[in-house]
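Note that the chains are named A, B, C, D and E in the order they appear, and that numbering of residues resets to 1 at the start of each chain.
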Amino acid sequence: MAAPIIEIESISKSFGAFQVLDQLSMQVMPGEKLALIGPSGSGKTTILRILMTLERIDGGHIRIEGEELYHMSKNGGLAPADEKHLTKMRQKIGMVFQLFNLFPHMSVLDNVTLAPILTKGVSRADARKRAMELLDMVGMSAKADAMPSQLSGGQKQRVAIARALALSPKIMLFDEVTSALDPELVEEVLNVMRKLAAETDMTMLLVTHEMGFAHDFADRVLFFDRGRIVEEGKPDDIFRHPKQERTQTFLRKIIAAGHRV
Amino acid sequence: MAAPIIEIESISKSFGAFQVLDQLSMQVMPGEKLALIGPSGSGKTTILRILMTLERIDGGHIRIEGEELYHMSKNGGLAPADEKHLTKMRQKIGMVFQLFNLFPHMSVLDNVTLAPILTKGVSRADARKRAMELLDMVGMSAKADAMPSQLSGGQKQRVAIARALALSPKIMLFDEVTSALDPELVEEVLNVMRKLAAETDMTMLLVTHEMGFAHDFADRVLFFDRGRIVEEGKPDDIFRHPKQERTQTFLRKIIAAGHRV
Amino acid sequence: MEWDWNFVWQIFPTLLQGVKITIIATLLGSVLAVFVGLAIALLRRSPNRLVSTTTGFIAEFIRGTPLLVQLYFIFYVLPDIGILLPPLVAGVIGLGLHYGTYTAEVYRAGIDNVPRGQWEAAKACNLTARQTWTRIILPQAIPPMMPALANYFIAMFKETPLLSAITVLELMNQAKSVANTYYRYIEPITLVGVFFLTISLISVVVLRWLEQRYGRIER
Amino acid sequence: QDDAKLEQLRAQGFARVAIANEPPYTAVAADGKVSGAAPDVARVIFQHLGVPDIVASISEYGAMIPGLQAGRFDVVTAGLFMKPERCAAVAYSEPVLCDAEALLVKKGNPKGFKSYGDIAKDTSATVGAPGGGTEEKLALEAGVPRDRVVVVPDGQSGLKMVQDGRIDAYSLPVLSINDLIKKANDPNLEVIAPVEGAPVYCDGAAFKKGDEALRDAFNVELAKLKKSGEFAKIIEPYGFSAAAAMSTTMEKLCAAK
Amino acid sequence: MIDWSGYLSLILQGAVVTVQLTVMGSILALIVAFIAGLGRISRFAILRWLATAYIEFFRGTSIFVQLFFAYFVLPFMGISLTPLQAGVLALGLNVGAYAAEVVRGAILSVGREQYEACTALNLSRWQCMRKVILPQALLVMLPTFGNNAIELLKATSVVSLISLADMTFQANIVRSQTGSTLIPFATILFLYFVFALLISFGVRALERHMARGLDGVRT
């Protein structure tokens, strides 16, 4: 068995007095598609944000491809990571946000080419070529010159996915990428993600309330509650035969509210 | 058969050059529970807003209990309704909004008692008594003194329902009352609405994307597209055996996106 | 005492001299305020607590006290410590410092108004701090600031009469001087009022345009 | 003969006077009390007229005549020298305080000024004067261009500007300059007095046009004061000469060129 | 020997006038701000027009012009005001014009959905304004009103130009009596700053008081 691409070792995180994550540990294998589900406030987003280095951890260790994320070796020992180390590590990770976070003052194409040109020194021409391929993949090449404000939510999110892919990360993080969308637009984004899962061997971490999609998409599902993994397993096991009381209640409520599992 | 409580007769409505409703006609019977479904932008919200007199119509007639809504008889003929006429007609109608629209600077109790005291001249004591009954009905009497900002979305929406009920309208309009809520909180609001449907003989018009709930709740379902009624019928007919191509596509998309029907 | 048109024509050229000084003072003051404001805004964001709080206090002090008194200070007290400024220079420095504390607030609000998601997206794209500022934050923060900045420059323009206290012969001072010479106040003061009103009405139109052009970024 | 205006002043118990806070003409003491030669004379005369007190408001010279016309004061007692244009704008009493003009310059008079004409000739020289005051007009009439006559808001500012080298000379009446330099106690300053070619001026109490009856009543009491010697007792401690004021008349001063 | 305690009391007398002007000016400004602010969004075109004319006029002409007008020109129209009245009138109307826009902006900042909730509850326009919109808008206005009051405080220093014996004016007197520039001006700068701090603390306390249990009204 290969080595895990992400190793999380008893990390903790508090906001003020409120402890969001408490001694959490987990591992993700290369190419694995992982779904994180659980009630609101259980810390799912926080985990993705920590992996993207948008929040710092209070304690514990994270290793990406065996290399420490928040620490670096220095004079034989471990020191807190500096900006340079973080920049290096971030090359391996991409993230797609719930509210897209496109740069509103740039065209679709510029949104996708900006980071490769600035951070990888790719030539403008090469960056454009690759961006058009990616936009094509998400079905947005016709809108390359549009501004984000001219796009629907689903279109924005597909551009955001292309933007994250342009840096060719090994790990992609998706935080409720469809929950800000009108129901009719959800499907077009999920289709892109299905395609992505099928065509690449990227490692993907997905936070979602779309249980049906999580079921079809994920290799493994983690159910979170209050910053802990309450239950994990194959999608069929979690959705059809949850063992824990908490998981059962959660799924019952979600189903009652009209979501298909 | 009794006379319809709402008669809509070939009404039209445009926003600028964009025609939202085109010669729409429909009728609602007293006590009927009606679900309006259809794709985004099809004009569902607009119909409710027109009934609540939040938008004016460009042409056509609406009668509530046989009385013209937007016109009043004057010197033998029909004249556009003035504020006084509208005030009288609005007594028959209540509305619950997608984003609750509670008054944030008043306690829950004050939100519910404000309108009866101001518009019906009910005494403060009587208004409070009735408000507590209603809050009890929606399961919010324990929070009577809380401020809206201290409530969850589901709790806010239940207060909003109590507030609309406090004026004892004959017709209640619900515009996607659960779509701003976290999935876990949807159920508590739907439960209140089920209870309302069972315990009162109010006429209810419901715009929703919760197909499962629409199915269980409604006596009749109208499927809208581009400001027209494409198909209507009993919930079972519409959801299980849609006749129109457009309805079928719509339902297929919604189901694919993970909604139960 | 009634309106005298001949007198108006007689004093018009003198008043125009004042208009020239008023406009020069406003323009120079605005340029200074732009930079002073930027300096204050950046110093207030400094990670060094001493620097940021000291800057904050000084800015609050300047903003909380009258420009007139500050002008007296710059013009009459500073020479005691060997800083002798010509009247117009002292006036421009006074205007620039005073309004710099206002523009600093505009910068701060403009930067704070860029949603947090933009900073985060920039990080997810692995941009450096410098790239984030120049490519993502400032291009979004600056256009919405334009109307607010313009607003303060118009306000500054209307405060230039204060410079008369430090012997700058701007419009108001010219008008007073004319009034003192001929013992007639109505015409000069009315002309000054008409002049300010005209410029203000024009600037309202320009402001509306700025607001439409730069006021909001569509997201 | 009593007129309506005087009746009104008697009824309200005080007269409103405009002053300039330019010692020794007019002054405000640390306790806020108004003094100076001009208000002191006016106070006594109004008492004789049956108006017990005066209430002073401090004003710029330039604002005094417009303020008088706008009815903001009943009389100006501020060392506002009589000049033909002013006589046309207000009704003056007989002369009260007389003084010549002076220049305040740096020690040794580096530019050698003796008259306003000297300042006009030196193209780099600037002179400060109160806005709307006699000195401003004298300088302009002597040919000093407008941009070299700096309008200075008050005496203290003028003194400071000479000390700081902002202006080469500051012009005020002799006694005012003497008072300034006494307070400043600065050995690096020098007074040129009187300025050559500048006339000796006298001020009078200035009334609004139309209040001539009041002015006349004022003149009657002023004449009595001058005769009794009380007048000299009031103004001479301030450094003014009573003889100078008694040697000329309002009519003469207003007719002068 | 200079009688500093006497001069200090002179400055304190001026401080009383400054406080009077600030308080009375603020009250006048508040009243006209609500009248003009509501007029600006009235259904009746004539009220809108009048309010707009007032606001643009007083924002457009400089406060100096307004002061000189109130003091020197109004008497010729038969309106003679004491200097204090003229000062309060000019300051109140000037700042009121700015505050009127604050009132208007705050009312418009209350979301359309609140008006719609009013309609759905069948409240009349006036009931809606009084019970629902204004209480929420007030909280939005308050911080800006605080700033307006500080602007008014600072603007009182210009009344010294119409010989009203405020703090700046008295400082000038002290200066001409004692020959010292630094001491009187440093004293009044300090006093102005203290007054400004008092205003902002007061407003903040009021804001906290009004905002109790109300997080989320301001967005």
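Here is the rule we use: a residue touches a chain if its C-beta (ideal position, glycine included) is under 8 Å from a C-beta of that chain, and two chains touch if they have at least 3 such contacts.
Please read these numbers as outputs of a predicted model, since none were measured by experiment.
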Go through the assembly and pull out the chains touching chain B as well as chain D.
E
Walk from chain C over to chain E along touching chains and report the minimum step count.
1
Most remote chain, CA-based centroid, reference being chain E:
A
Reference chain C; chain at largest CA-centroid distance:
B
Measure off the straight-line distance from the CA centroid of chain B to the CA centroid of chain C, and report it in whole Å.
53
Chain A-chain B separation of Cα centroids, rounded to whole Å
38
Rounded Å distance between chain D and chain E, as computed from the means of their C-alpha atoms
38
What whole-Å value do you get for the distance between chain A and chain C if each is reduced to the mean of its CA atoms?
47
Touching two or more other chains, which residues of chain B qualify?
none
By residue number and range, which residues of chain E touch two or more other chains?
72-73, 76, 181
Scan chain C for residues touching two or more other chains and write them down.
1, 76, 165, 185
Which chains touch? The pairs are A-B, A-C, B-E, C-D, C-E, D-E
In the complex, the residues of chain D that touch chain C are 61-63, 65-66, 69, 85-86, 89, 128, 131-132, 136-137, 147, 150-153, 157, 160-161, 163-166
Given the complex with chain D, which residues does chain C contribute to the contact?
1, 76, 79, 84, 86-87, 164-165, 167, 169, 173, 176-177, 179-181, 183-185
Complex interface listing, chain C residues touching chain A
115, 117-118, 120-121, 123-129, 131, 135-136, 139-140, 217-219
Of chain E, residues touching chain B in the complex:
113-114, 116-117, 119-124, 127, 131-132, 135-136, 139, 213-217
Mind listing the chain E positions that touch chain C in their complex?
56-57, 59-66, 68-69, 72-73, 76, 150, 153-158, 160-161, 168, 171, 181-182, 185, 188-189, 192-193, 196-197
